[in-house]
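A, B, C, D, E and F are the chain letters, set down in written order, and residue numbers restart from 1 in every chain.
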Amino acid sequence: MVDAVVILVVEDDQLIQAIIEEALSDSGFEASITASGEEAIALLRAEKSPYRAVVTDINLLGKIDGWDVARAARETNPAMPVIYMTGTHGEEWASQGVPNSVLLAKPFAPAQLVTAISHLLNATLPTAATE
Amino acid sequence: MVDAVVILVVEDDQLIQAIIEEALSDSGFEASITASGEEAIALLRAEKSPYRAVVTDINLLGKIDGWDVARAARETNPAMPVIYMTGTHGEEWASQGVPNSVLLAKPFAPAQLVTAISHLLNATLPTAATE
Amino acid sequence: MVDAVVILVVEDDQLIQAIIEEALSDSGFEASITASGEEAIALLRAEKSPYRAVVTDINLLGKIDGWDVARAARETNPAMPVIYMTGTHGEEWASQGVPNSVLLAKPFAPAQLVTAISHLLNATLPTAATE
Amino acid sequence: MVDAVVILVVEDDQLIQAIIEEALSDSGFEASITASGEEAIALLRAEKSPYRAVVTDINLLGKIDGWDVARAARETNPAMPVIYMTGTHGEEWASQGVPNSVLLAKPFAPAQLVTAISHLLNATLPTAATE
Amino acid sequence: MVDAVVILVVEDDQLIQAIIEEALSDSGFEASITASGEEAIALLRAEKSPYRAVVTDINLLGKIDGWDVARAARETNPAMPVIYMTGTHGEEWASQGVPNSVLLAKPFAPAQLVTAISHLLNATLPTAATE
Amino acid sequence: MVDAVVILVVEDDQLIQAIIEEALSDSGFEASITASGEEAIALLRAEKSPYRAVVTDINLLGKIDGWDVARAARETNPAMPVIYMTGTHGEEWASQGVPNSVLLAKPFAPAQLVTAISHLLNATLPTAATE
């Protein structure tokens, strides 16, 4: 509390960006939003990266898709909570997703996203978080 | 997001109807409310039924109780999330409830209902959801 | 619903007290706040104690710390949901915490606390709650 | 250990009876076998009934099927572990099964049954078991 | 029971092959063993493939590693239980593994493998298995 | 596999020692048995301690009981799997036990112990195991 819990959101639809930003802000999280998978990976690999969870669309504008963003996030931090959002690629999650991730099939309510982030953050072992 | 996530609520107390409607609406869900178990089952069996989860009181006015509503919902859709609400019938859940359901004992806070719905929806396997 | 779901909060920082109180109130819970572990244990042991969950900081002002508060709560009610909050003692949870508890490492978002309380309350077996 | 952990098995196929009896015995359980749902329910309702878990086929010879046996077991003891076995009725589990039960679709290996029984017994809350 | 539950094992060390084969056989499973990832994928994609779960080493002799075998298995059957075995690649599981899989770090006891297979098979939703 | 997975067993009843030793050995584990809590803690704190899990009775002969042994084990290794065995102290687990532990109430079948150890070992995050 008091300090920010920053969530990296990778999404190129501006309407959905706005809905997510409001839902996270109302719940006490701080959203950091990018539309590009390439930029997301650069942000995750930067030194002293502040992100505590990654929320990513599967279809992104460049060559990098959401499955790639999640793998890069986990290579940097094996305990990083990952939430995928998709309207059409749900059936690929079982082969392309990372373990202990959540897939939200659009349409979903903002509360589902907030619950998924909170649940994954709360389940992170404290010993892992402090090592 | 954007499109509605519709929750079927079966409850005959108007005060509780209003509290649930507000809690779901604030969380980004859309509540569809009926006081009758018979009507609930008809709505669930209708073609192109839009309901993504069922929230039901146990005691209902007609011959159909909440245990029946949940069984009918699962016969139509074996993956349907089910939440029971009750002040007095909690001890019957272990014999009368359906698997992977949640029982909320009254009194409960609106956040408990929102968390239960979100958690059950998020745990639905995406492969099941897309088939 | 309608009746209050009272959460005992043990925390001596007034700013965090205020944030928690607002988060719980917005979610439909009622917070009962004390800064003292000794007082918390007395409240938990009182007859007809109304508390449905305990949220406690680890570092408290007196001789009693949050680990002690949680053990006392569970001695009174073995099913009592327990959430610890800490900025520095996370690594002790695995040896000092009680089973089926959640540790929130500061900083955390208010939604994480609400989700943790709701999740633990919802997971309480109804048969246990009615005995 | 030392004392017996008795499992009630409801199954009318003699070959499967023998396989289950051997698997349970090799794992340190004691199997008590009946082919009749009516007899199973009478045994479960008897005073000082020794059964710690119920394993039941869905299709039984009389009017009582495995879904009925499980509900009767839970009415007597809401925490009773329940495992269903079936070759053809798996799709009904979501509407006819009891909560926190396991369905084993035939064919299954004996180790799956032993693991299911052990897992359900180990997950029973000790506070519930001692009350 | 009676019919075989066939597990595809992908492992090139003959000693470990023998230990796994005995452990699975003693538990009532039937092991089908190959040392090649390429052959494993061909077997999984064959019509009327009998495999109910995949157990794979990460390091394999050819160009295909265990991460690839698991993704191919899930593309064919999104609900296929997957268990990885490795002495050195555990840290890659969080980015390279598939969801709902188990990683066994060598050395492990045969009972851990049997429990992991049983647990994943038992957790497969029956509705998914019958669709 | 091949190398031993050593389980520290703290138990003073020689009959139960023998049953546990056989059950663990049959399952491919190696049991290291002591009757003393003091010795157990010394073994756990020794350099290059080989123990992968702790199984402890609650009542022990000296001043140290099983609750103390488990806390000491977790202080040395926060991810150590812990299983308690008891005939009479089950109701204290909720206040005296460590998180993510299992309590086996006597009498229990040997398969329950093997499943509990396997399940806790398999649930250990591989990233934690390799750090």
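Here are a few things to note about the model shown:
FYI, contacts are C-beta pairs under 8 Å (C-beta built on N, C-alpha and C of every residue); 3 or more make two chains touch, one makes a residue touch a chain.
The structure displayed is predicted, hence computed values, not measured ones.
Listed here as common contacts of subunit A and subunit F: C, E. Subunit B maps onto subunit C through a rotation of 120°, based on Cα atoms and reported in steps of 5.
When chain centres are defined as mean Cα coordinates, C lies farthest from subunit E. Interface of subunit D with subunit F: the two copies contact each other largely through different residue positions, with under half of all numbers used appearing on both sides. Ranking all chains by how far their C-alpha centres lie from the centre of subunit F, first place goes to B.
Here the CA centre of subunit A is 28 Å from the CA centre of subunit B. If you average the Cα atoms of subunit A and of subunit D, the two centres end up 42 Å apart.
Multi-chain contact residues of subunit E (touching two or more other chains) are listed as 78-79, 91, 93-94, 114-115, 119, 125, 127. In the complex of the two chains, the subunit E residues touching subunit F come out as 15-16, 19-20, 23, 90-91, 93-94, 102-112, 114-116, 119.
Residue ranges on subunit F touching subunit C, taken from their complex, read 70-72, 74-75, 78-79, 91, 93-101.
By the touch rule above, subunit C contacts subunit B in their complex via residues 1-5, 27-29, 114-115, 117-119, 121-122, 126-127, 129-130.
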